[in-house]
Structures are given as C-alpha cells and as structure tokens.
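Both complexes shown next keep chain A, but they swap its partner, so chain B is in the first and chain C is in the second.
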Partner chain A sequence: MYNLKSIVASILFSSLTLPASFAQDRGLEIAQNSDKADIGYKSSESELQMILTNKQGQTSTNLLKNKTLEVPNDGDKSIIEFNSPKDVKGTKTLTYTHKSGDDDQWIYLPAVTRVKRIASSNKSGPFMGSEFAFEDLSSFEVEKYTYKFISESMVGTEKIAIVEMDPEDPKSGYTRIIGKFNLTKNYRVEELEFYDRKNEKLKTLTYSDYKLYNNKYFRANALNMVNHQSGKKTQLLFTNYKFGINLSENDLTEDNLKN
Partner chain B sequence: MPNFLLIICVFLLINNLVWSQDTLKKKWEVDLSAELELENQYFTSKGLYPNQKDYFLSGAFKPILKINSADGKHAFKVEPFVRGSIQDPNRTHWDVRQAYYQRKLKSWTITVGVRKVFWGVAESNHLVDIINQTDAVEGSDGKQKLGQPMLQISKNSKLGNFEFFYLPYSRRIQLSSKTGRYRFPVVLEREDIQFRSSNKEWHPSFALRWSKTAGDFSLGLSHFYGNSREPLFLGFNPATGLDLSYPVINQSGIDIQFNKDALILKLESIYRTSKFQNFFAFTSGFEYTFGNVFDKGADVGIIAEYTYDSRRELTFSGLDNDIFVGTRIALNDDKSTDCLLGGIFDIEKGTTLFRVEASRRVAKSYKVALKANILSNVSEKEILYNFRNDDLLEMKISKFF
Partner chain C sequence: MENKNSKPISSFEQRVVDFTTKLIKYKKTVLFLSLLVPILAGIGFSKLKFNSDSKIFFKEDNPRLISYNKMENLYTDDDNVLIALAPKSGKVFTKETISAIKELVDSSWQTPHSVRVDAVTNFQYTRADGDNLIVSDLITDIDSLTDEALLKAKEIALNEPILFNRLINKDASVTAINITCKIDTNEAATPQIVNFVRNKTEAWKTKYKDIDIYISGNVMLNNAFSEAGQKDGQTLIPLIFLIFLVMIYFFTRSVTGSLSTFVIIIISISAALGVSGLVGINLTASSSNTPIVICTLAIADCIHILAAIIAYMKTGKSKNEAIIESIKINFVPVIITSLTTIVGFLSLNTGDVPPYADFGNISALGMTFALLFSLTTFPALLALLPIKVKVKNSIDVEKKGFYNSLSNFALKYPNQILVTSIVLLVISSVFTLKNQLNDEFIKYFSKSISFRTDSDFINENLTGVYSLDFSLPAAGEGEINSPVYLNYLEKFAAFAKSQPEVVHVSSFSEVQKRVNKALHNDDNAYYSIPKDIKEAAQYNLLYELSLPYGLDLSNQVNIGKSETRFGVTLKEVKSAQMIDLATRLETWLETNTPKYMHAKASSLTLMFAHIGRQQVKSLISGAILSALMITLILMITFRSIKYGLISIFSNVVPAIYGFGIWYFVFGYVNLGMTAVFGMTLGIIVDSTIHFMSKYLRAKRELNLSTEDAIRYSFENVGRAIVATAGILCVGFFILAQSTFMINSQLALITIIIISASIIICLLALPALLLKFSK
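The block that comes next holds the complex of A and B.
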C-alpha cells in the first residue's frame, strides 16, 4: 500500500515538476545564449531617431546619440545625448546598469551646467513621452528575469523559440514579457510582448531591419513599439552604428557629461 | 600673476603646435544652436520706491557654438548671451557665459577660458556653489550665472575626481536700475559694491574640489580662496543704504547625497571666514519621487529642505532659518510638460515666499514658461523687506534654432 502510494505520488510529482524545471532551464539557456551572442563588442555608438505617433496619427521626432561601453561582469555603462527637441538639446544622461539592484543614473542640465544624480528606481515610466519605458531601454541582463520556455517551432527556415520572462524587480511595470528568440540567427530577439501589472496585454515591440556588424553582432536598425491600450506608437530607428570605438571608462564619468 | 597667464599662453601655444600637425587629418563636428526668448514680467503691486515700473518687456538671444574633434580629445565651446530690456536699463546686458577650449588626455582634462561650474546637491539654496558670480538681473532665484575666466585641471581616478581651479578675475554683481524691481531704496550700481583687497577684481582666486560616488553615496569636498562672489552684508546704513563689499574669503564646503530607490537625502554645508565675518551654514533635506503615478506616466516628486545660516539677519539670501517644501510634477509626455510648486517659510520671522513654475513645449521648437513669485508676511528684519511689493507674474516664450 505504502509503496503504491509513493509510486503514484512520485509519478504525479515528477510529471508535474520535470517539465517545469525543464522549462526553466531551457528558457534560461536561451536567454543566456542570447546574452552571450553579444559578449565582446566592447563599445558601440549609434544615432537614434525616435518617432512618436499619437492616436490621431500625428508624429513628433526626437534625435538622440548613444555611446555604450561593455563592462565585464557587470551591466553596461552608457551616455545618451539629446539633440532634438531643440529645447532639450545638450541634455545628457549617464547610466551604469547593474546585474542586480538599481542602476546608477545621472542627468546633465546644460542651462545650469548641473549634473544631478537621479532616482533610477522609476523603471516603468515613459522615456520622453514615448511608448518605451526606461526599463525597455536599459541593457539586457540575464539576472533581471526568471524564465519559462514555452515552445519552439520552425518558421520558414528559422527556428523560433518562445520564452516567458518574468521581471525579478517588483518595481517593473510588467508581470511578464513573452519573447521570440531566433535560434537560427544567433539567438537574436524578434519580438517582445509586454503584459502590464494587471496581466493585460500592453505593448508589442518588433525588431526589424537586422544587420550583422563585425561579422558577429546582430543589431536591429528598427524597433517598433505599439501600445495596444492607448493606440500610440513609437518607432526607434538606428543609424551610423559603430563598434569598437575609442571609448574608455574615463569617457563615461559624471565630469565628462559637462561639455 | 601675469606670470601665470603667461604660462597658460605658452601652454596653449605648445598644445596648439602639437595638434596643428594633424589638424588637417582630424575630423571636426561643428554644431550651432540658439534660443530666442521673449519675456513679459508683470508686478502685481505698485513699487515701493519712486520710478519703479510694473510691466517689463525684454528679449534675449542665447547662441551656442560647439566644435568637437571626432576623437573627443579637443573641444571648443562659445556661448554668448544678450538681453535687451525696454523698461530697465540695467537688465539690458550682455555676457560671455562660456568660451573655452578643453583638452582631454586620458584621465586628465584641462580647460582654459570662460566657463560655468556648478557644485552642490540642494534645490532651495546653493551654498557650496561658488565659482561663478550670480547674474542677479536675470532672475531672483540666483540660478543664472555670469561666465568666469579660469584655468581648470581635472583628474579622474579610482580615488575620485580631483579638480583644481585658478580664477584670475572676479566679476561683480549687477542689480536693477531705478526703474527695476528687486532693488534697495538706494540704487546700487555694479561699481558701488567695493572689493576689499588692493588688487580688487584681479586678486586671484583658487579652488580645489574632490568628489566621488561610492554605491548609494555621492560625496564632494571643496575649498575656495579668493574674492567672495556673494557680497558681505554688514547691515543697513541710513546714509549709504546697505553696507556691502566683496572681502577675500576662505570657504570650505561639503556636499553629500544618498540615493536609495525613490528617496534622495541631501546635505550641503559651508564654513566661510574673512577678516570681517566667520559663519557656518547648511541646507539639508530629502526628495522622494513617485514614479509613473497611476500608470499614467507622470512623476510626482516631493521635496523638503531646511537651511540654517549663522549670519542670521545678515544672510544676503535671506535664507537663515527657513524651510522649503515643494512638489515637482513631470508629465513625461511628448510636450515635456512640467511644473514646480513650492514655498519657503522663515520659521522665526514668518516671511513666506511662494513660487510656481511651469513649462511646456508648443509646436516643434517653441516653449512656453510661466512663473509666479509671491511674497507674503515679510518681516521688516528681512533683507527681502525691500522687495515686499515685488510679487511677480512672468511669461516667457522661446524659439529654438
């Protein structure tokens, strides 16, 4: 009797837990591979055009410049410089992303030549009135999510894996993000679907116009974010991507924001 | 001191020769932008003194030219400023806000020319900030500064950021003319406030600053020697008005900021000595930001700060035992709409200053900014008592190029 019970229990137990732990491991593995595909780029620079479209179809454009330095064993360091709208021209932000805990963030206000360290805990707020939240734009770190593998299938000639990512940070604006990873193309991300705190579908981000840089690093030159609840859209277009630029830790300091 | 200037010139010359050889090969990024501003100021009460006007119309032009080498090693910046005021001749003024050349050598940065430098962490009072003179006719909040000639050498290292400043020339404060507001019964022209040292504005000033961010803490220590920027105020004199002068001072400063999640704690403090007066002052408080309120994207920040200044009634800014409470609302919309509401309350004397500021982008390259300053219950012991009728409503429209 006892044996039968334990056998039944163990069958039930294993049939429930094995796929769950497999789903976790496989999901994590895909995220790690996706992250690994990016290791070694050292530094990059790009110009961004951010096109905001409201419900009525009216657009406004922000121009930004981005410089990023890869930091071994921690998150990236980056500077974003605002070029347009013209009234915020010269404003810069400096971000030190960390694998765990809050990022460090500074803002430089050119009119008063002041560098201010700001609270970076506001992850879910919009960036410059766009459909991108601050957390959507910070560098991807594997440690920031837990993973659940959902499925894998062939789409045309490419193998696409669907993985659920659950943010570890309680301050995140999302309960979950459903990611589509392209396993044939070095685990690059094809699409992210964001679910808000009420677990309702909020936004879809589509990556397109992928280019291969230095024969190794895939970068999407167009990111298209659609907000399903508000009907607004934001398109991010990247130009002049450069890798391995002359950039060091000395260039990514508070003092260096001031000119 | 001319020796020192000679050294700078020689240094610049050598530096120029060294890099002129590869100038032709260098790539330069040239960037020109400008702001054209129209300002309306309306004072709701009649002035206390004869000739003071109620309505002021002025315009300002603020171009910025930036030239950077593509490798980031050389940078030039030129930022002139000019304002023309119809009603207040002293507000009609021009200045070189910035005009400098900057050279980067690995962890070293050398800057020569005219520059604006800001130090400190507080919002309601800027005690530690001392490099530049205030452009007092530009605004009563002291945020606008005059350009300061300097040689600045900075070194960034694991131990923090070290800065050295040589400031060969000091600027005087400019106050309103007889038709203007925020003035004293006796009109003070720029030359009426005297330097105490025999070399006057050419008495050299020096400053050192060390700053470092370590985890949640940001720390700065600074020392300044030279001509005081803020006039020394030794009281009212019925014959000459105010006893004001610029003494030679030593000022040590500390600023600390602690960031944890949405909370920021701040402290800045100074100790200033001169032949005529020694004093201690500090400003401390917090800022808490509620981000993405109701998931509508807006940030609402709560700010509270307390200032103590041992000069008490001789404090030039009037902030000697005051509490500032305010809120900053940023809608984070595509028009960058934001708003600051606040009040400064003097704990003993009861004087209250309310301030509202709001701005929003209109069309593609225009911005509208509104401001209201309201003084109430002004104690006759306050230096602000002279301005008690100067409640201001202001509207600025800027076009950006």
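The block that comes next holds the complex of A and C.
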C-alpha cells in the first residue's frame, strides 16, 4: 500500500510550505481533471449487487439496475431500479443532481402506482439501510466541494494525489472527505475517507476492479464501503456496464418513471 | 501471659525461635528485601486498570450477555446518555426553552463516539403534503416559531408514541435528549463521552439558568462505577488509615509499634495490588475497596504479635527476647487464622460474577502478603526501632471481671443458652430465606453519586431508566413488512403497554402506521398497518430514503429486514418483578405468535436482575467447599474431629443470624451480599480458633477440667476476641460509608455477622463444649 512515512512527511511538508491558495488551486485542478476525464460518456447503464454485511458477518443482498444520463452544464440524471428484495421489485428512484442547490429526487412505488417526491433534506441519510448515504451515490460535481491539496507521491508506478474535499452543503453528513486520485490513470478516484460531523473518521470507500470502457472511461466494478464506527460494510458490485445506450432526457422524467 | 506454661519447648517451636533469632540478626537485610517487594509490585501498579464497563459483572459465556451482545451487533448500540431537561417554568414548549434545547441537541452531535441524537426538536415529523411525504425535524426554524406553531408541536409530541413518556412527559414539563454512542471495548470512551457531555451541559447551563439538567443512561452508569470507586479511594482509604493508626496507638501505646504496623499494612496492600496488576486483574467498583478489607484484616495479625511483645517487655524481658517469645506463641495461630481467611476469600472464585472473584483474589493475595510480612518484616522492623515500655512489678492488671462473669454465666446456663441459640437459629433461617434478591443497578449507588439522584429524577418525572429489549424475528428476509408480522407486533405492543410495570413501548409497527397515515393524506383512518406487504415494504423504503443523517432505522431494523427491535421501558420496580414481567412478555409471545417470533428479553437491566440469583447459585458450592476446608484445617489444628465439628456451629450460625436480622434491616439482598458468607466465614472462624486453642491447651497441657479450661480461655482470649471484633467492626463500618451501595451493604451485614459471632463464640461455644466434653 502507500508508504505511510512519505505521506505523513508530505503532509507536514505541504502544510509548512505550501501557500493556502496553491493548495486550493491544485486541489481544484485535480478535481476538475477528474471530472473532465468523464466528459462525453453521454449515457451508461449497469446492473449492481448491493451486499450489506453487519458486524457479525451476516449479509443481505439487493439487486439494482442503474441508468445514467450525462447532462451538459449540470449534474447527471439517473434512475435506480430495484429488482430485489422482492417486495420492492420495480421501485425506481429518479435523481437530478445539480451543480448547485439541492438535488431533485423522486420515487416510484409500483404497489400503489404512484410517484412521490423525496424530501431533499435526506441526502445524508443511508441508502436502503446500507453504509452508502444518498450523497455518496449521486454523481460527482466539482462545485459541491472546496478543495485542499495535501500531497502527491509515487505509489509503485502510479502518481497518487491526496486532496481534502470539504462539502459546501451544510446538510452534508461530512465535515470533510479525504480523496486519493490516481493521476497516472486519468485522475480516477482510488479511495475516499469520510469524516463525520464531529470530524471523526466514519467510513472508507475503496474503488477496485477498475475497467476501461470505450478506451476512455474508467469505471470501478467494485465499491467497498466500510463503516469504522459501526463495523458494518456495504459492497457494490457492478456488472454489464454499457455506454452510449439509448437514453434521452424524456426517459428521465417524473411522469415516465411509472413506465 | 503464657508463663503458666512450663512445658519444655518442642522442636517445632525451637525452629520458630531459631528463625526469629536469625530475622533479628539479619534485620537490615530482611527489611531491604521486603522493601523490594512493593517496589517490584509497583511495576504492576502501572498495569493496574480500572474497568468501569458494566458488562464486566458478567462472564463471557453468560447466556444473557451473549444475547445482549448479539442485539448490539444486530442494531445500533445500546450505550446511551440521557440528558433530561426540566425548565423551572414547567413549560418545555416555549420559544426560549425550545431554542435552548435545539442548541444543546446540535452540540450533542459533537459528542465523541456518538452515532445518533434523539430529541423532541429533531423528531422526524412525518406527514403528508399534498401527494408527497414530508419528513423533517419537528422544530425547524426557531426564529419564525410562533406560539401557535409551538402549541401544535406540543400537541404532536404528546400524541407521538415514540416520544410520549420517553422524551417528553405528560405535562410537557420535562423533556430529554438521548445520545446513542458506540463504545465497544474502548476503555477511554466512557470518560471522553462523560467529560464532553458534562462540559457542554455546564457551559450550556450558565447560559440557560432556568433549566435543570439530569443525566443518566448506560454510559453514565459505567461512569458511576468508576466514580464511586474513585470517590471511595479518595475519602475512605485515607480515613481508614488514619483511624487505624490512632486505634493501634490506643491499644498498644507504642508509637513505633503503631508505625511498624502501618508499614506492614501499606506494603501488604501495595504488593497485593501490584501482583494483581501483573497478572492482569482489573480493578472494579467492587474490588477497589479491597485495601480497606486487607487493612482491616491484616491489622489483627500485627496487633496479636505487638501486644504480646509489649506484654513480655512489661515483665522485664529485653526487646529481642520479647519478639522471639511473641513470634513463638503467635506463629501457628497467625498462620491458621490467615489461612482460613484466605480460603474464605478464594471461595468467591466459584461465583458467576468476575469482579467478586477478583475481590476475593485480591483480598486473598493481601492476606497472604500480610501473613508473610507480619512474620518477617514486622519483627525485623520492631527489632530495629526503639520500643519503650515501662516494666511493671505486678503482672497484668487487666480487668477480667467482665469476662469472669461472662464465663460464669455461660457455665451456669448452658442448656438455656443452647436452646435459645437453636430457637434463634430456626427463626433466623426462616427470615434468611425471606430476604429477596434485588439488583436494581441504580440503587447500587448512594445518593452522593449524581447518577443515582439524576436517574431517580428521570424515573419519577419523565420515563424509566430500566428497560427490556426483544429482537423479534419475522418469517424471513424482508418479512418485517408483512401485515401478519406487523399485526403481531401491534398486539404485542398493546399487551406490553397494558402491563403495570411498563412506561413506554417502542415497536416498529408504530413507524409503519405513521408512514401509512402520512401517505394517505394524513387521514387518521389510515393510522394502521398497511394491508399488503409490498405496499408496506415500498412505503418503508420511501420513509428510509427520507430520513437524515444519524436518524435512520438501523437502531430498530436489522440489515436483512428479517428482525426488528422491540423496546420496553420500565418503571422503577424490584428485580423479581422485572424478571416476572420478562417472563410474562415471553410467555405472551409463545402463546400468541408463530414460532419464528418467539424471543427472549435481553437487556442490561435484566442481566443485573438475574445476577444475584445466579451468583448465589454458583457460590453455594464454593461456600460449602470452603466451610469443609476450614473445618478440616481446624480438625488438624485442634488434632480432633470432635472439636472440628463443634466449631462448625460457631462458624456457620453467625451468618444465618446475620441474614435473619438483615430481613428486618432492609429485607433485600444484592449482588455484593452474596459474597458475604464466604468472606465472613474465614474471618469469624478466627475467634473460634483463638478460643478453642486456649481451651485445648488448658485441657491437654494444663490438665484443667472442662469448666476451668473454659474459664482459662475467657481469661486469656476473651478480651482479645472482643477487641479484634471491635477493630473489624470499625474497619467495616468505614467500608459501610462507601458510595457504592453493594460494598456498603456488604460491610453492614458483615458487622452484624461479626457481632453475632462474638455472642456465639463467647456463649454458645462454651455451652457446646460443656455439653460435649462429658
């Protein structure tokens, strides 16, 4: 893994020598590059398995389907469809991520064939009893955070930058997120550490099993979220990634959610 | 003293004499070596930890602990701090109070190790807004809060089953903030949380003087265990040292003798605690008072030796001669009395409660060291230090009048004494069994510990501190949403609420009803279980997606959605009634629900409710074993089976008298008192040993008649027996001042038992000897 000494040394070094403005600029630059690397994918879909594990090691699995549409100059729009547990099969959530302001969210409940709006204050709450909060799952938008570059170092043959991301939204469940960006691999995210509202380490999300799609877009096929406080884990395993699918803004509306 | 005895010295005694002579010769080496012991033990001190986790009262394989831990793993932890707030105005729903509460709620989220904060202000008020479900804090914007809005909020809170009698009382005059914490085995967590909460509330209180604060909860319980231990350590231990120093001086009139005794006590205690630290024994509120116990018991050894030295010196012997003589006559009695005490303490190991095994082991270690040091370091120290004694021409002017009349009385009315003792024994046995076991953990603490008074306030004015929890399984994954399951939950909740001990019930079905209503335009007709599992599951999904950070359902629902937690809050009731309620609830489940839903109650409250009974059961074997061993030791010492058997009477009966009397003192027996039998047995046997050995010496070596031998015993040890008992009673009286009630009540009954043992030893024992020697 990472050489702890060099990380610590570079943290010390950076805090002593780097002017604050440089740290901000460099952090922002990395985030922008990371965001840019994804531009142009247009749309994608994937199937995913969400595996919940409690402290005793008992697991519970949910099956979901995800469709995402890239929206130029705003956040992505996405649909998550639930295939299991069986009693929520067919339930769908629709999310409009926005670069600024609250995201919009709706849910379709097949049992009553109704679409309901989900209150926006929930973004910090857990998604389906998992260790992922809603905000962890919505698309990454540069504008949602302020940045502070911490360090950069070589790990093997790859250059890894560590950047602190402070959420702008007061409703966020986090005071800060420490991100590891892989500069060698198109600025993809390798790991995120989440610090809760009392600034204690809450969770670590590790991205693994990266695959390159369309020769351009990195997608991690396994996301592993560990909650350090509760000892619970949630794994997201993605399969059947497809890009450039037939998906338009019309498909992603409140009204069309019922179909 | 013993100068009537002109018997030639035995080879064993010669060896003791040689041993003591060498001790005196090499006194500086002995002293140096004995100083090394506490220094080495000091290393152990650094490893000595105070463990305040309330779970340490239970063995790892305790089935109730296992199910309690299992519950903690299934749901968010149970560790909590409950901060009750009582505005002096008696009104929670005023703008000032609500904004003050909100401020405290906000800062409570900063509590170290906290995972959740519940209060009236951030209650997730769920309702309809047109076709949408709105979930938000009950109090959102303070600034624009109108009187009307406050009145409405009050109405909602009082009608909300989750809040009513839990976080708000029926007059809306007392409310609470509940902070859920995740502690695990982190020892530093409890003080961190408590310090944070206390600092925050104190700072808050300077701003809001008109609101009183009361703090309880499991975290505070753990803290109270360590606070009680520390408080006692700071006040009682110095107090006992001081009182004993004065007492020894009063008895011996020798400054150096008193100081030497004091040295022996200090090094015995530090060696015992040091070794405990080295072998990894943790101190607990139950064992932190062992210094008092060791001090009290170790003093007896020294006093016997010192008193004899001074007596010999008064007859004109040199100091060293006096030391040698004293050790010669005290060597065996000191060993035997220490040995029986050690056996008694070790018997606590058969118990089911680790802190009491520790208590026994640390005390046994202390007694072992006290024995060792009082036979080596003590004489060496006295040989080094000057002792001034005025030589008296007339031997001993002790007042023996009282003991003479006492022996005359015992010899005159043996039958009456025996009959009375046996009648009292029968009566005591009846009342001993009438004592009820009661372990309400709040009552473990005296009213000088704020946890006790704050918890009492909360019990009286807001909710209950005791609780029972069930994890109720549904038919399978996702089945908690099935109407069948939810309706059973509803019925169970209704049954639980109808029980007289119950203050509050929290059931997952309440959540479902609330959401169902909100999704049907707040129509009260829909305040019911959804008709269909899919509907319920999807509503629940929507509801879960609407909950903010930290206020999710993980404290109520497991990850597979196959079990929910069912919480019952109790009034302040006795342990027996808690167990009875738990059984009633379990039986209801067994008779009224499908098999998969059957579950046992589990909670800290219930674990403590059972602890006394379990401890008694497991200690019985230890008590019998130690009684047998002590009887065996006595048989060997007395070289007689008959006298060994006779001694059982004077060793066992006092405890039965003690518990019989206790019925009229409190009538309730707690965890600590279950240790009493083993502990006192080893202590009270000492007076029997002293009395019997003098009696046998008179009979065997001086060839006195039974009557005269009894008189001889009275003359020689009557006063010493009463004096020793006096010292013990003073020591335990100080322990009775402990803020930890299970220690203080243990001390109190020990005083009663020791007093009873004196009467038995000086009246019933002589009567028995008279009866059986013919």
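As a convention for this text, the second predicted complex is superposed on the first by the 241 of 259 C-alpha atoms of A that agree within 3 Å, B and C clash if a C-alpha of one lies under 4 Å from a C-alpha of the other, contacts with A are read in each partner's own complex, and residues count from 1 in each chain.
Keep in mind that, in the parts below, a residue touches a chain if its C-beta (ideal position, glycine included) is under 8 Å from a C-beta of that chain, and two chains touch if they have at least 3 such contacts.
Here the structure is a predicted model, which is why all the values come from computation and not from measurement.
K.L.:
Are chain B and chain C a fit on chain A, or do they clash, once the structures share the same frame?
P.N.:
clash
K.L.:
Considering only touches as defined above, state whether A:102 meets chain B (first), chain C (second), both or neither.
P.N.:
first
K.L.:
Using the superposition on chain A described above, determine whether A:197 touches chain B (first), chain C (second), both, or neither.
P.N.:
Touch partners of A:197: chain B and chain C.
K.L.:
Tell me the contact category for A:60 with respect to chain B and chain C: first, second, both or neither.
P.N.:
Both partners, chain B and chain C.
K.L.:
Return first, second, both or neither, reflecting whether A:255 touches chain B, chain C, both chains, or no partner chain.
P.N.:
first
K.L.:
Just checking: does A:119 make contact with chain B only, chain C only, both, or neither of them? Give me first, second, both or neither.
P.N.:
both
K.L.:
For A:246, decide between first (touching chain B), second (touching chain C), both and neither.
P.N.:
first
K.L.:
Look at A:224 in the shared chain and tell me whether it touches chain B only, chain C only, both, or neither; answer first, second, both or neither.
P.N.:
neither
K.L.:
Would you check which partner chain A:91 touches, where first means chain B only, second means chain C only, and both and neither mean what they say?
P.N.:
A:91 contacts chain C only, not chain B.
K.L.:
Answer with first, second, both or neither: which of chain B and chain C does A:43 touch in the superposed model?
P.N.:
neither
K.L.:
Clash-wise, after the superposition, say which stretch of chain C runs into chain B: 99-107, 351-359, 477-485 or 495-503.
P.N.:
477-485
K.L.:
Kindly list the residues of chain A that each of chain B and chain C touches, one partner per complex.
P.N.:
52, 54, 60, 85-88, 112, 114, 116-119, 121-122, 124-129, 133, 171, 173, 197
K.L.:
Provide the residue numbers of chain C that touch chain A in the complex, in ascending order.
P.N.:
For this pair, the touching residues of chain C are 70, 73-74, 76, 109-115, 131-136, 182, 477-478, 481, 519, 532-539, 541-542, 544-554, 557-561.
K.L.:
Give every residue of chain A touching chain B within the complex, in rising order.
P.N.:
52, 54, 60, 85-90, 102, 104, 112-130, 133, 171, 173, 196-197, 246, 248, 250-251, 253-256, 259
K.L.:
Of all residues in chain B, which touch chain A in the complex?
P.N.:
Touch list, chain B to chain A: 33, 35, 64, 71-72, 75, 77, 102, 106-107, 109, 116-118, 121, 143, 154, 156, 161, 163, 211, 213, 218, 257, 259, 261-264, 287, 289, 291-292, 295, 297, 299, 332-336, 361, 364-365, 367, 398, 400-401.
K.L.:
Chain C touches which residues of chain A in the complex?
P.N.:
52-56, 58-60, 82, 85-88, 91, 93, 105, 107, 109-112, 114, 116-119, 121-122, 124-129, 133-134, 171, 173, 197-198, 200, 229-232
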